[in-house]
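Read the structure below first, then the notes.
The letters A, B and C name the chains in turn, as written, and every chain counts its residues from 1.
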Amino acid sequence: MKDGWIKRNLRAVRGRAYPRVIGSTREPSWILFDVALPLLTVAAYAYIYKFMDAPKEFVGFVILGGAMTAFWLNILWSMASQLYWEKEIGNLSLYLMAPISRMSILAGMAVGGLFETTLRAASTMAIGILVFGIALSLSSPIMLIIVFIVTMISLYGMGMMFASLYLLFGREAYHMSNLMTEPIYLASGFYFPVKYLGFWAAAGASIIPITLGLDALRQLFYPTTGAAYRFLSTDAEAIILGILCVVFIVLSKLSLDYMEKLGKTSGRLTLRWQ
Amino acid sequence: MGDTPAVETKALTRIFEPKKKKEGKTVTALDRVDLRIEKGELFGLLGPNGAGKTTLLKILSTLLLPTSGKAYVAGFDLEKDFVEVRRRINMVSGGEISGYGLLTVRENLWMFTQFYGIKSRDAKDRIDSLLDQFGLSDKRDEKVRTLSTGQRQKMNVVRGFVTDPEIIFLDEPTLGLDVNASRVIRDYIIDWVAKGKDKTVLLTTHYMAEADQLCDRIAIIDEGKILACNTPANLKKMVRMNKTFTLDVTLLADKSVLGTVKGVDKFTYVDDAEKNLTHLKFVLTDESAVSDIVSDVLRNGSKIVSLQKTEPTLEDVFIKMVGKGFE
Amino acid sequence: MAIVSGLRTFKNAAWLGWEMEANWTDPFLFAIYSIVKPLAGTLILVFMYLVITQGETQTMFFSFMYVGNAFYMFVADVLFGVTWIIHDDREHYMTLKQVYIAPINFRNYIFGRSSITIAISSFGVLLTLIFGVLVLGVNIDFASVNWPLFIAALVLGLATLAIMGLALGGVTFLTAKHAMGINEGVAGIFYVLSGVIFPITILPGWAQSISKFLPVTYWMEGIRRGLEPSVVAQLGPATGLQGFSDLQLMFILVVTAIVFLFVSLGIFRYADKVARRKGKIDWTTAY
């Protein structure tokens, strides 16, 4: 007995998440690389701030930014470029032929990779807090959760949109991911409050959900001093992120459909190394 | 056979333009292809490399849009109703490398069934049954990357059939496989069509014998055009009216009389002194001349070692249509 | 014959490396990419610094940090480049096994491929330095550059990096699609402990002891002494390596290069053997 559209797509999400989950348990070498080692880059920035006698919360900002890089890298390398890699290894045509939404496939990848990503982020935070003696406030846990959730949904929605672009950019996919790693760390204020880029630069960077997400989280973790470094208030940022959720999910659906049609018209959809 | 065909194309054309002019020239992969495949048919598409077979299959499996013309699968317009089409089809290609090396055979197959809305328990039952039929039961829990080429292709074929499609597209499914593996796959295909209700197969191949053995009808395609479409027997009839016989006899000294037998159109021979044989080849206008030939051979003191009637092959058909063999 | 064959392998691998690095887009976009990427990485630190110092960049420490970060690009790119070569060839293009079984020295193939990474990184480093000097006032006086020291340190350091990359490449044979994790980790160790963006004297004592075992620490010092001797002189004991003379520094670099050569070759050989025994040369691990 076959399912209706919703159930089928939920199954598809589960089906695609499965290899990610199983893969991470069968090849556990990622635990060392993803948990312990990313902290090193974070530590370097933390020491720089310490050397410059920066206010203590800046070290906290670095730890938080370092933790969130896990999600940004997951977006770039495990979602945006994933359809391109699926094409290279021969799975894409099978996915495209299946009677499911492309977003289900991408959602499955996101869900499946969430465990690894979350573990990386959490461990960076936990170890960073312990090693550098950071004190974070948890006085607004509900707001913290809301901000985190809307940031993630909008971020992954944006990742789905990127996936469609990557499908057509082809070989450029890996280089696009490379190009968007550090510039986004800079523009989104991963390691320093984004307001220091200037209002308009920060506003422009806010299109990347993680910009406002980080800014809001910084304010929530440092309620007393965070306001001095904020770009917008947490309420405003949460609302904007909520809007971005809808925008990116709609845009990702439209762009996936459009890019697929463009790919089928040009004949490049399933051509390897294009 | 129902009124709605399984597959129908009308003036289907696909042209590939290079991204940049200097990167190549325009290629017409399909040129006004008209095709109608009825439900329950095992239909073959025969053609050399670059003929347009895979392009046609990609269009029919909703991976590619035509430049012009129309195509319908299970009665649904490919461009407008592609979701409905996808619910009813599947495709297996030869030399497929899909799947995830870290997953087991069963896990890979299960994952794909989930995209077709098949309940887990049902999926697992089907997978186990098919793996058994393809002799892969002992590989069920092995990781995909440990499979040999033949095993991997069998797994791919299982993936195609496990969703129980109405129409399955098989793009050179036995490419590069050994005799046993190929036979298992072919036998399964025949069985599937025979036992299923209105199950349709569109098979592309450039193995003549495979097409001859499996297909109810065959279309010959070259340079994007359908050159002929008929049953294998009717296609062969198009080639020649004459019959060819090959006769091996013990070394025959005097062959001159054989050319004068009534009903013999052409005759050639080769003496193999080492094996003490003469290989005789006759093209006959009248098959009954065989008995006169045999009598003459025996009268001349030779013995018959073997006698073989050579029917025209699909390759003969193809050569006649296209003017070249398969490259 | 072996030398000629080795050079040919190196040359062909370098050609392939260039094609892989540059052939993915048109020249204009490639140029943009080659400019934006290195600068963006540098500007993160620059902004971090500006935020705290309220815009002041003409300090010794800023020059120290900027130059270190610029040359660190070699570390990240080379280590990443080598692991990516193995990963890419194996998982995406599936050409690794064909190259592997060819009658070539596979190590020369890796060196050839990574040489292009070094060449492309050189462009990024140079661009970053020029930007720093012209726009941010980084203290590099070309008249007082100690060219012999700088060039010697640069060459030795790059050779050591390429050699370390070989070891990482071997490790990549044995791991799944975590190539980025490996290079990120190792590069991260150097970033924290080798005086790249801050003097090692900031670190706790036990960490400083580790720093003094890492070749990149001495490499950074040698680069700085060659390129910005006045900065190093002014920072004095703050660098943590003031007790070493230039000659001692070069000697340490040579010794560490040799030591790492043997260690890396050993790791590569061992990993190669294990990979062959376990059938991992052509395995695919995507999920």
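The rule is simple: a residue touches a chain if its C-beta (ideal position, glycine included) is under 8 Å from a C-beta of that chain, and two chains touch if they have at least 3 such contacts.
If you're wondering where the values come from, they're calculated on a predicted model, not measured in any experiment.
Student: Could you name the chain whose Cα mean is nearest to the mean of all protein Cα atoms here?
Tutor: A
Student: Would you kindly say which chain has the C-alpha centre located farthest from the C-alpha centre of chain A?
Tutor: Relative to chain A, the chain with the farthest C-alpha centre is B.
Student: What whole-Å value do you get for the distance between chain A and chain C if each is reduced to the mean of its CA atoms?
Tutor: 27
Student: Please tell me the distance, in whole Å, between the geometric centres of chain A and chain B computed from their C-alpha atoms.
Tutor: 47
Student: Can you work out the whole-Å distance between the CA centroids of chain B and chain C?
Tutor: Here chain B and chain C have centroids separated by 54 Å.
Student: Taking each residue of chain B in turn, which ones touch at least two of the other chains?
Tutor: Where chain B meets two or more other chains at a single residue, that happens at 97, 100, 102-103.
Student: What are the residue numbers in chain A that touch two or more other chains?
Tutor: 19, 22-23, 27, 89
Student: Enumerate the residues of chain C that touch no fewer than two other chains.
Tutor: If we look for residues of chain C contacting two or more partner chains, we find 176, 284-287.
Student: Give every residue of chain A touching chain B within the complex, in rising order.
Tutor: Interface residues on chain A, with respect to chain B: 1-4, 7-8, 11-12, 14-16, 18-19, 22-23, 26-27, 89-91, 93-100, 105, 261, 264-265, 267, 269-270.
Student: Please name which positions on chain C make contact with chain A in the complex.
Tutor: Contacts found on chain C: 23-25, 29, 33, 36-37, 40-41, 43-45, 47-53, 61, 65, 91-93, 175-178, 180-182, 184-186, 188-189, 191-192, 196-199, 202-203, 284-287.
Student: Where on chain B is chain A touching in the complex?
Tutor: 14, 16, 58, 61-65, 83, 86-87, 89-91, 96-100, 102-103, 107, 110-119, 122, 159
Student: Which of the residues in chain A end up touching chain C in this complex?
Tutor: 19-20, 22-24, 27, 29-30, 32-34, 36-41, 43-45, 47-54, 58, 73, 77, 85, 88-89, 171-172, 174-175, 178-179, 182-183, 185-186, 190-193, 196-197, 273
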